[in-house]
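We call the chains A, B, C and D, going by the order they appear; numbering starts again at 1 in every chain.
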Amino acid sequence: MHEMQNDELALAALYRDFEANGLAPLWTQRDDLMPFTPAPVARAHVWRWDALFDIAERSGRLVPIGRGGERRAIGLVNPGLPGTGYATPTLWCAIQYLGGHETAPEHRHSQNAFRFVVEGEGVWTVVNGDPVRMSRGDLLLTPGWNFHGHHNDTDNPMAWIDGLDIPFSSYTDVGFFEFGSERVTDEASPEVSRSERLWGHAGLRPISALDDKISSPLAAYRWAATDAALTEQLALEDEGYPATIEQGHAAVRYVNPTTGGDVMPTIRCEFHRLRAGAQTALRHEVGSSVWQVFEGSGRVTLGDEEHRVGTGDLFVVPSWVPWMLSADGPFDLFRFNDGPIIDRLGFARTYLPGQDVT
Amino acid sequence: MHEMQNDELALAALYRDFEANGLAPLWTQRDDLMPFTPAPVARAHVWRWDALFDIAERSGRLVPIGRGGERRAIGLVNPGLPGTGYATPTLWCAIQYLGGHETAPEHRHSQNAFRFVVEGEGVWTVVNGDPVRMSRGDLLLTPGWNFHGHHNDTDNPMAWIDGLDIPFSSYTDVGFFEFGSERVTDEASPEVSRSERLWGHAGLRPISALDDKISSPLAAYRWAATDAALTEQLALEDEGYPATIEQGHAAVRYVNPTTGGDVMPTIRCEFHRLRAGAQTALRHEVGSSVWQVFEGSGRVTLGDEEHRVGTGDLFVVPSWVPWMLSADGPFDLFRFNDGPIIDRLGFARTYLPGQDVT
Amino acid sequence: MHEMQNDELALAALYRDFEANGLAPLWTQRDDLMPFTPAPVARAHVWRWDALFDIAERSGRLVPIGRGGERRAIGLVNPGLPGTGYATPTLWCAIQYLGGHETAPEHRHSQNAFRFVVEGEGVWTVVNGDPVRMSRGDLLLTPGWNFHGHHNDTDNPMAWIDGLDIPFSSYTDVGFFEFGSERVTDEASPEVSRSERLWGHAGLRPISALDDKISSPLAAYRWAATDAALTEQLALEDEGYPATIEQGHAAVRYVNPTTGGDVMPTIRCEFHRLRAGAQTALRHEVGSSVWQVFEGSGRVTLGDEEHRVGTGDLFVVPSWVPWMLSADGPFDLFRFNDGPIIDRLGFARTYLPGQDVT
Amino acid sequence: MHEMQNDELALAALYRDFEANGLAPLWTQRDDLMPFTPAPVARAHVWRWDALFDIAERSGRLVPIGRGGERRAIGLVNPGLPGTGYATPTLWCAIQYLGGHETAPEHRHSQNAFRFVVEGEGVWTVVNGDPVRMSRGDLLLTPGWNFHGHHNDTDNPMAWIDGLDIPFSSYTDVGFFEFGSERVTDEASPEVSRSERLWGHAGLRPISALDDKISSPLAAYRWAATDAALTEQLALEDEGYPATIEQGHAAVRYVNPTTGGDVMPTIRCEFHRLRAGAQTALRHEVGSSVWQVFEGSGRVTLGDEEHRVGTGDLFVVPSWVPWMLSADGPFDLFRFNDGPIIDRLGFARTYLPGQDVT
């Protein structure tokens, strides 16, 4: 195709006319547009919690919070996506910081959001008027178009991570945004949110709410439950029963109790626990993930590189970049990814060396 | 149509020939086959727990348990369905009784089954090798084709109710049956079954088990959780939030955590709690239900009759027979019905006087 | 279990008290209630078209048609279900006969219905005001709660078969019924119904009707299309491509174009074509079927018996009774069954000797 | 937030450290990342068929076709997305040109593809070995991972448009690609493909293929059927029946016969017909579309601009840009968009002035 068979002037004119007419030939781009395997521009990368927390703290001292900017949130910028503020092509991930007695005003948006707490406590996120306590190990949801704000009920600052589908929403041009109340609409600080009181009972559904919901109506997934579920999986494995996804590797997916599926239509959330000394298979997966070490330390292989990671450290795995975890001691990790997008649109593939692609 | 217009001899011959040829004319049967509203042969009826328990106890002394008869279970016979052993056209309901250290041998069948415990403890039901403790207020599942047996680990007898879709399975000719082990395959008596350890964490799904299941993989729904869920609904109602299905009437449906839908494809299980003094609307519903009072006392209206009912009493509501509950004091009731059959086949209708049929 | 271990008087009293209290012990009934494989009361049976048609014709002369009786329809009575008017436990099947210029008045009911035409023409069935021509080989639908009546636009009588879920609706007490217009609401006799004009274009859906429907919105499935689909399957088989369900056996399922699933929630309709000389595997299937020979002749094995059958003959296959078809010449058969009930409730099983149960 | 409260040096250091640590603050980007309504970078634009065809013809003379470049396809480049070769953020659209007796070699890829023919004939696209004729008005599918090539069976060139989800697949990093045969694997040129012979019968499904498929198994949607469906909708409207989506505006969606849903998981295809003089409402829709005028002429309003368009002209409507069509004479248009992505992920919204957002 690339050997020109005709006079060069005509060809040059043709290429000029492509451009003049708002056109581009496929044959010069095919390799880039349709690679043999996914060829992400985003890169695997590790961010250190100490550095993030330090910079968040300095922001807390220097940058006020209020209407317009909305949140004191500092996004991870993938080194392959400079200038974007995106952690992966589809996902945004930030550390958010709220000083003692500060309030992040209410707003709502099409973008789906969650928060995960690696340390600290004292903030309540108020979701559609329901105050939800945020504590270590909790996953808190703010699905699309729910009003939400945060307020710190204590004298001490608190930091956590936010995950949103901002890049995907921006890319597909689906986002709407609306300001809400300047203060949170309910300043109470209950231990348990109303959403948990209604929906937080395993296998029991309120008959007053039988319509399925596209996102989970359960606003908080508490650490104690997650920890118990993982502990039981490893104990069952010890007793010889199927429970873990591979030897020494327990894992749960957070789900929408009305469907048993993912908590939100664009974001999958999971928690993984490795026993001391355990190692996962090396996996290629379609779709991009963000991981945060919750507790313990270990190593993560990302493509050709291995990194030591510890509590709070975050790392990104772009699509089809092989990854593997190895646990020094007990090793707990939270992950979120764009799995629901990949699955719902029929693009899921996983490859483990020595096995068939599935 | 019924005035004969032709000579009577020919007509008589015709009717004889219908019969001789294995035929039946619609026009003489239309009213019966296709009534204006459901006209169940089954009747509303109440069974008293004291009488049931007494008769079960006598059976315990007089009738051994073992292979062939399989279970010391005594079924409610609907007075409109004499000779059948059926509580409603679709549902079978029995009191089952197991003496101290007795065993009901293992078997499996297509029929879906559950047990609900109104009093007592000490029996473990072993479902596919997983011993499941049975205690007051618990719902225990044995979905179709799971091996199961029961054994009493104590010196004392225990009784509970069984609910199955035996009539429906028999009617539609869908049932298979297989004998299993004479003894239960695991005689341990753990507090918590393996199924609960794997599946009993609200909103958390083992990643090792992402395929949806037609019946719930959770073998036990414990009373403490049911009680907490109902208590919270009433508390939320007190605080002014939507949670109950009508004033003073809390209710949960037991669901399959892999789908958010009914626990088994033919049987719906629910728990209802009325505040002291509360009264439900009078409801007509398509499909038949069996209720058991779990605690407290009150009155139930069944068509034109009102009955006082107390702990352990069972009553049946055939399709479209209007029913209403009134609570004297706090009033807790378990119910099961054929709702999944009605819903999945598109026949659901509900009517409350003064409202539209939905 | 059956050896009495206690004094006989006490036992006799116990059994009396079962009856007095509306109870029945499982242990005396278990074999009947829960057989090892389905043990239908209904029996395999063949009805001859000549006899049916003759008796329908005589009914046409002797029995008027009108409000109350509603239809001149004569139901097949399964020899195992005497006194019921049912062809199988779940399905009703009748020959319906309408004289020249007669009208069957409009009504509607929860029961799902269809008509299949083995010979003749001249009648229009009017479904929710849409006149639908009935001709040889056509399948015409009247899903639950659609008003419908029939009128014969010619001087000549016409007969066809009706299939309904009357037994199932009666058994589960789900049926509602309402009279409509005495005359059909539209007496036009168009070649093509409005439903076909809107929905009868393969792979094309009106954007004005994107909500899925529980029953097919397509009122008529025409013979020409069915014949073409079967012809193509056999031609593809000849050319070496997968298309038939087994050698020489082409088959289509009639489907709801909004879902790709069965035409109605309780009734599955299919058309089968065997090449001359072809023979099907011997199949055990859960659920009951009614077959009608449309064209040609052959033999059907039903359990231990073999019957010769020809055009118009009907036969019934109860659940799990093995069946096999053998074609003398080209052999075309229509069938309907309760497959959607069986499938949606999780009871489907099929067994072919030499293969695993699926 | 934007009034600095602290000394400027510390703040400058903070912003430097954001960058040094691979971070970006949300508060400076919020407006861009989360606009009040979708703010697409892509722009509404019109491409003229004459210009496209001329440039394709010149390419046909100057640029050979073969392995590597794979296709002589020339993509529309959205003026808001320079350098990309993308028509919208999610969709790629090209004119493809194949000279007499040329072959485009076989390959397969995760990307979903279709072809639509605005004029010409003589090419067969071979999809998984099944030769599919391409003629005026036909929609031809090549869902993800199906091998496909094209060959021109005549002496004359042919051009058509291709639509793919290349941008979406590239953005989400989901694409795999594989070369296949240099020649098409079946050089036959049948009128009708095997896929049409098996699947092209409205409401009839081969029993040999009851598993649902994520993409339509029907490879060709023929013009005659599309035209007939639209003609009937307008005729029904004339007769006073509901059929069109608004006065004078008939429309069909191409669907997967196994589900009744979109033909492919990422791309929706539709055909619209306006009567002479008809005008659509002005619509805002989430998601991006590409339209091609198939026949006739009219005007399209795109945001603030109105364009005259005629046969073959293509135009793009980015997300939430209001659009309206006005027909001079009869006006036929094909459209495809990313509707399945928007719908499956819960982002759909439509707004018509004077109505509520839905």
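Odds and ends about this structure:
Here is the rule we go by: a contact is a pair of C-beta atoms (placed from the backbone, for glycine too) under 8 Å apart; a residue touches a chain by one contact, two chains touch by 3 or more.
Keep in mind it's a predicted model, so treat the numbers as computed, not measured.
Here the CA centre of subunit C is 42 Å from the CA centre of subunit D.
Subunit C has its Cα centroid 30 Å from the Cα centroid of subunit B. Distance between subunit A and subunit C, defined via averaged C-alpha coordinates, is recorded as 52 Å.
A ring topology is adopted by the chain contact network, closed into one cycle in which each chain touches exactly two others. Those chain pairs judged to touch are A-B, A-D, B-C, C-D.
For subunit A in complex with subunit B, the residues that touch the partner chain are 194, 197-208, 210, 212, 216, 218, 221, 225-226, 228-229, 232-233, 235-236, 241-245, 251-260, 263, 270. Subunit A meets subunit D in the complex at residues 1-6, 10-11, 14, 17-18, 21-30, 33-40, 42, 45, 47, 51-52, 55, 58-59, 61-79, 84-85, 89-90, 92, 94, 109-111, 144, 166, 169-178, 214-215, 265-266, 286-288, 318-320, 338, 340-342, 344-347, 349.
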